[in-house]
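Labels A, B, C, D, E, F and G are assigned to the chains in the order they are written; within every chain, residues are numbered from 1.
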């Protein structure tokens, strides 16, 4: 049996709502459309949050993996 | 069927308006001319925004991928 | 006899509670589900701590290895 | 037909005036002499700008690609 | 005769007390259990210090090499 | 004819006075003795400057390429 | 004749006193015992300096190359 890896969790989260924290302090909530080996993410229905509240609706976006702190399915 | 990847979203956005946030807090709006595997972007009709308002017209520019936080088609 | 390596300690911690400090000052406590060669981690029952106190329940998350300072089994 | 890439824009800008923003907040204006695959740039007639005004004449310089935010032909 | 390398010093320090300074300003003191080619370290009996005084007992931990400033046998 | 590259400019500057700005804000002036593919530099007769004034005579030094912002022959 | 490289200067400094500035602002003075291709350094009789004054005697240490700004034989 192959050992599970963190990217398996991203794979299961495809099509679902995720919360993403970026370096600095940007927080994004949206639907995970796709990811790649660098942890670059495509998100749609993306919203930027501040203090848990909606700050801006962003729509579709590509987040650069190198600046991601964590991704959490919600 | 090949799985979709985040760069497919950049590919679909070619020739269209995008919003780009860079590390620090620079925000750029313009037309996506091209990109490469490092997420370096060429943008034309580029404008630098501050607080959502136009700060400066930059024209054509190459943005270095390593300093990009996100790219969003608008 | 092969020499022990730091990732052996992560391997022994699979399924157990760990404390993780990220760059910036985020502290996460949760169960280590999996890790990969970049030290990306999947955590479940994750909680964000502040000053040792619970700040937020996050559930399941993928932490990017490049932003990790330390991982400690607890 | 080969797809255009961001470095094609640098190639077209050879011998012309460019504006370069570096990490931190240094802004350089000068003539693009050459570049390489790391986006290292050689610039001549280089001037450092501050608030759009001339701060210092630097002459010829090599800018390290990793610290570049953007390059814009002007 | 092969030339000595900095990692030889880590090798000699295995099983001994070391002091580690991380980026930011975290200081860790503990016993070096193992290390790898990225300078990731496994430490046991780890203690976090502040101003030379004990701040917290951490037990066993994996420190990410990329965030290490120095390691010193004590 | 081979296209010129930024490192050709470093090659021409060998044995001559250069000004180097490092990340943070250190400025070094001295004679360029050698460089390598990572833009690591060996400098002799090195002086650290602050506000254009001499702050300290350093003598010979190796500057790490990754922390260089620019190198300028003077 | 092979061209000289910056690491030749480190090689000549083996066994001699060097001054090292790290990112942040840590300054270390000590005897260069060894180095490797990443510019990791082993130092003995190491002292941490602050404002040119002795702050702490550290003894033997391994300094991580990626966080070094410069190394200067003294």
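Just so it is clear, a contact is a pair of C-beta atoms (placed from the backbone, for glycine too) under 8 Å apart; a residue touches a chain by one contact, two chains touch by 3 or more.
Since we're looking at a predicted model, the values are computed, not measured.
Peer 1: Through how few touching steps can chain A be joined to chain F?
Peer 2: Step count on the best path from chain A to chain F: 3.
Peer 1: In angstrom, rounded to a whole number, how far apart do the mean CA points of chain C and chain G lie?
Peer 2: So the centroids are 33 Å from each other.
Peer 1: Averaging over Cα atoms per chain, report the distance between chain E and chain G in Å.
Peer 2: Roughly 18 Å, centre to centre.
Peer 1: I need the residues of chain G touching at least two other chains; which ones are they?
Peer 2: 23, 66
Peer 1: With chain B as the start and chain D right after it, run through the chains round the ring.
Peer 2: Sequence of chains in the ring starting at chain B, next chain D: B, D, F, G, E, C, A.
Peer 1: Which residues of chain G touch chain F in their complex?
Peer 2: 3-10, 19, 21, 23, 39, 65-66, 68-74
Peer 1: In the complex of these two chains, what residues of chain F are touching chain G?
Peer 2: 22-24, 26, 28, 33-36, 40-42, 46, 58-64, 66-67
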